[in-house]
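Next come two complexes built around subunit A: one with subunit B, the other with subunit C.
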Partner chain A sequence: MTMHDACAVDQHLTLAPKRIGDLENRPLCLSGKGVTKVFGTGAKQTVAVDHVDFAFHEGELVSIVGESGSGKTTLAKMLLGLISVTQGEICFQGKPRDISTSRKKREYWKGIQAIFQDPFSAFNVFNKIDTVLLDCIHMTGGRGLPHAKKVEMMEEACCFVNLKYAELTNKYPFELSGGQMQRLMIARVFLLKPRILVADEPTSMIDACSRATILDMLLQLRDEIGMTILFITHDIGLAYYISDSVYIMEHGKIVEQGTADEVILTPKAPYTKRLISDVPKIYEPWDLTTV
Partner chain B sequence: MSNKVLEVRGLTTKYVTRFRENIYAVDNVSLSIEEGKSLGIAGESGCGKSTLALSLMGYYFAPLHYTSGEIIIDGKNISGMKPDEVRKNVLGNEIAYIPQAAMNALNPTRRIRRFVEDVILAHDPKANKKQISEMAEARFAELGLPASVLDRHPVELSGGMKQRTVIAISTILKPKVLIADEPSSALDVTSQKMVIKMLRDLMEKGYIRAMIFITHELPLLYNVTDDIMVMYAGQIVEQGTAKQMVFDPIHPYSRGLMRSIIVPEEGTRGHKLAAIPGTPPNLKNPPQGCRFADRCQYVVPQCRVSAIPMITFDNTREYRCGHAVQHLREVYSHDDA
Partner chain C sequence: MKNTIRQVFHSPKFVVGFCIFMAILLTMLVYPFINPGDPLKMIGLGTFAEPGTYVSMYDSVGAPFSTFKIPDADVKRLDKLLTQEDRAKMREWLELAQVDVSELDVGDMDSLLAMWKQHYDPEIRIPGMIKAVRNYYIRLNNSILSASVSDTLKVTDTDEATGETIEKTKISKTDYVNVDDVANVISLPLGTDNFGRDTLKQLVAACGVSISIGLIAGAVATALGLLLGLLAGYLGGWVDDFIMFFTNIFTVIPSFVLLILINYSINQDQRGAGTVALVIGLTSWVWTTRSVRSQVISLRNRDHVNLSRLSGHSLPRIILTDILPYIASYVMMAFILQVSSGILAEAQLSLLGLGPKTTEVPTLGLMMNWAMLYSAHLNGSWWAYFPVILVIALISFSLNLMNTGLDQVFNPTLRE
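And then the complex of A and B:
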């Protein structure tokens, strides 16, 4: 199904996500060694992320799973270059990442983008939706394009996320519902076409029924554009459904990693076992005595 | 005849806007819960789940207004009571309510003990404070909360602990019915499990006699409640036991909901995930026929002609759709293949 067909078919049906098998043969997109973040100094020191190693391949969908306070979002912010790294090295497309100046940072952000948990605070309230989308075209070097071409690109992006561009022009982001705003966020990502997308709990503020649509779009971004997606969530069921590989984080450390099937179906770390047992299930009885 | 703790017949409530428009957010809802049973209400945001919860308490304040119908708790009709009367006689000892952000319901400057006293004194002004304390300590211990919680301020407790404290306080008078409106959706999985365990303990130890549990997380409903009711645009569209609803949903909307379930189990992986396209109708002028028609895959012109009544099938189940049950089952099995 191409992107244009996607808007003709209003019913968004997802096929079970394809798992990619040849991960080792793919080039590394983002990797890190001994990445650490320490907040505060002296007695008030908190180690939020503690010597974390990771390697994300091109076109891979990776989930990072952990409870509140396990350091998932801090890790994501470090990867995005929003906060500094206390110790360790992050490599982007095989080379050590250099974001020492704001110019270099802007260049880096062309390759890595994010969707956050709260769509309501993700937009500038003074900018209309056209402006939001136009900015993305300008950011990727499309400033000189004729207006008609820009409109066509914006229409395509809206179409990709099942929104109607004609209905959005002249509206402000806050006039949309939460689910629509989150989709608009994905339309931005579609225009920017970064190499890596960091999705930090993109579905936790959306009800279960609209969740499938968002997941479907992330999978399409991966399959059609070849984006590497880093999916951060506390819902282990969601991670299992969508991802190729899973990293489990506890208190800033990665306690288990592997393919989705390995980690979820045959968990080894006690923490992973506990996370899985805490989720209500359909096919197995839910053991409430282990609280 | 079985003992019905809560019975609701044809309850209709409306919101009145500034422009005098009526929005019927709960439209002709009937339900009943038997002693010791729990009922789950599922549906997407804005379908009227929370309004139904507020309406069931009989506690109406503008812009929500009571229109018609009866709410009978253990043989006592509470519909049409004045808000003051409801607060004194119904809330707390007949019906208790836990909102989604229950943890924000606690005044940060007061100790937990004071909230317990407030609840009891509101219903019995002559109660002895020492007895209240003893009773609260015993009850907290029984529900797995340390007695030291009573002397803490709300800010000293974690989110999950606050939520459990609110549940313990609101059920201190042994209400007959507990309405839990998304009590765990702001919590992580481990705290959620503790909250669920506490609700189950309350039922088992007889502190509540029936429970209504509202959420959009279906795996949770499946594990917690005996029956599930699906709401759409202010109306009940299907009801049945939890097992029937999850494994054999009949209404196209229920089926859509059930297909959005994701659990970390082997069976999940091969499943197609389905999203229901579009958004719910505007209830200012709801569609004439089936309210789900605009989003339904299986819509036919007759669906839009006249309102569709609830139809009983398989003896105990009910649904609201123009298609026959047999036809829908055939279509679904064909779809799955």
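And then the complex of A and C:
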């Protein structure tokens, strides 16, 4: 890979993995028991997520790994409250989650936000970038702020993701590149500062160079704001590198879970072993540019 | 947005359709100023006056005249008097009367007339000729004689008090009146219809009414279809089931049959143009509902809608800003098609006698209905129905052309 030179600036991540230690002592922020999602009825029934149990701690970076079609996005949407749960219970910050009314949903979404897989389809093409960012300020109660203050907040958010606010005003999202759009998405999260961030394959649609930058930003969000990040990926090597704990998903079921070192260095489930054997350089120091 | 509009006006099909439609609209707006008055006023007492300019005979008598000596005036006068058919009949008579017509050329007026005057005698009875035909020849002969008799016509009047005949004026064959000097001249480019009404004026008015019917019907159908489609598609669940239940019922019953039944059940006097438009609109929302629904279903799970929900937007705002703009072009096209089919539906209904009541406003369909009832198509009064058909065709052609143009702009796979 010749990407190496081009991305020399973004090489903060070629070091050994960084884990937060005391997982057990942290409070639970999102957990679920027997969470199931069935699409369709009768003969056309698909069980996308099948009796899944999980527990995510505050400030943890959890990876959910599985191949295409294993139900990762479906699980993420259930966690986000975007689709209904067929069966099972989800607890948010220790209490059973209640999103029965739109007011309660809005309250819930102040605590949990998302980054989507495909940045190109994630923005309304009729809305300007300012609208996207202003909506976030309004959602966190900044509706009454003076305009100058709002601009300052947007500038700060853009600065965090290495974008220039002055260049973005009056532009539409589709006028940006994929990587820039994904960074704009992170700027949104930066403004909203939710407790939990669900990142559904945030780097799968963009090039290796932008990928490192995005991952770096996610780690920064975790370290600086203490966000819990649910990182969904099909790439077990990447998961090993950045996460504290890992869940392996196959056909809607969680087949293995534990800390990243446990799961990847001593895999038990055959599916995990197969996933690991597909990645050639897993035991060498990880170079993100070859991901 | 601006870009899209520019793109739309770069599509040749759209531009052609738009120009035709605008020309029709412009005519509709301007013509009533040129020729004001009630389009349903009966000006003629007979039916189906031919297209042309009508000069008042009464007024031309007193009008100032100039004298012209035009060499072939007489020939022309006779030409107008005797049709080709009359001349063929004259030759036929001569033949039957055993006159040698082998050298006669019917096109040569002078020799035909000379031979006719020489041989024709109303007393001659040709064996086998029925009375009606004999009378026809007598009438023909009289008009030929009167045309060639005198060089001047006397116009006389009767004094009411004394009963005396007063000579008003003499009209010579060489007298010509300037049309501008005649007080009453009416121009009827499309003649009159069966009730003696100016067909062109009526057509322009009917065009306006029919387009408004189309617009109302289209607006009602599109609004209803859009609303139901959005609700069914976005909300899903029992709302969807409920709406789709009705939609399916309406899909199974052909909407035209429904239209006929509803219109039949409304009394003729209550069936104004507005009512008919409303009924057409209320029976044609089904397809818009179905297709809007399916588009909304595919849109509602898109990430941009999810993002909007995560940003705490309310349901109306999501529908207005995240769903509607994405289907706006489609809705626009559906609207244009609905307008076009609304106009056609009115025409069809009126042809069946189930259109708007006939006393208030003309519509394109009613004009067709009248022309058909008074058998304009049988007696050769083409001006009573052909222009109407042409206008209907032009309107729906232009609307469909605009639609295809829009389709090409909004649906890149159709671009050449």
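Convention: the second predicted complex is superposed on the first by the 263 of 291 C-alpha atoms of A that agree within 3 Å, B and C clash if a C-alpha of one lies under 4 Å from a C-alpha of the other, contacts with A are read in each partner's own complex, and residues count from 1 in each chain.
Convention: contacts are C-beta pairs under 8 Å (C-beta built on N, C-alpha and C of every residue); 3 or more make two chains touch, one makes a residue touch a chain.
Computed from a predicted structure; not experimentally measured.
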First (subunit B), second (subunit C), both or neither touched by A:N162: first
Which of subunit B and subunit C A:L80 touches, first, second, both or neither: second
Partner chain in contact with A:I276 - subunit B first, subunit C second, else both or neither: first
Which of subunit B and subunit C A:S121 touches, first, second, both or neither: second
First, second, both or neither for A:T213, with subunit B first and subunit C second: first
Of subunit B and subunit C, the chain that contacts the larger number of subunit A residues: B
Subunit B versus subunit C as contact partner of A:S102, first or second or both or neither: second
Contacts of A:H51 with subunit B and subunit C, given as first, second, both or neither: neither
Contact set on subunit B toward subunit A in their complex: 44-45, 188-190, 192-194, 196-197, 200, 216-220, 222-224, 246, 256-257, 259-279, 297
Interface residues, subunit A side, partner subunit C - complex: 77, 80, 82, 102, 105-106, 109-110, 113-114, 116-118, 121-127, 132, 135-136, 139
Residues of subunit A that touch subunit B when the two form their complex: 10-16, 67-68, 162, 177-178, 207-213, 215-216, 234-241, 261, 264-265, 274-276, 278-284, 286, 288, 291
Contacting residues of subunit C [partner subunit A, same complex]: 302-304, 306-315, 321-322, 325-326
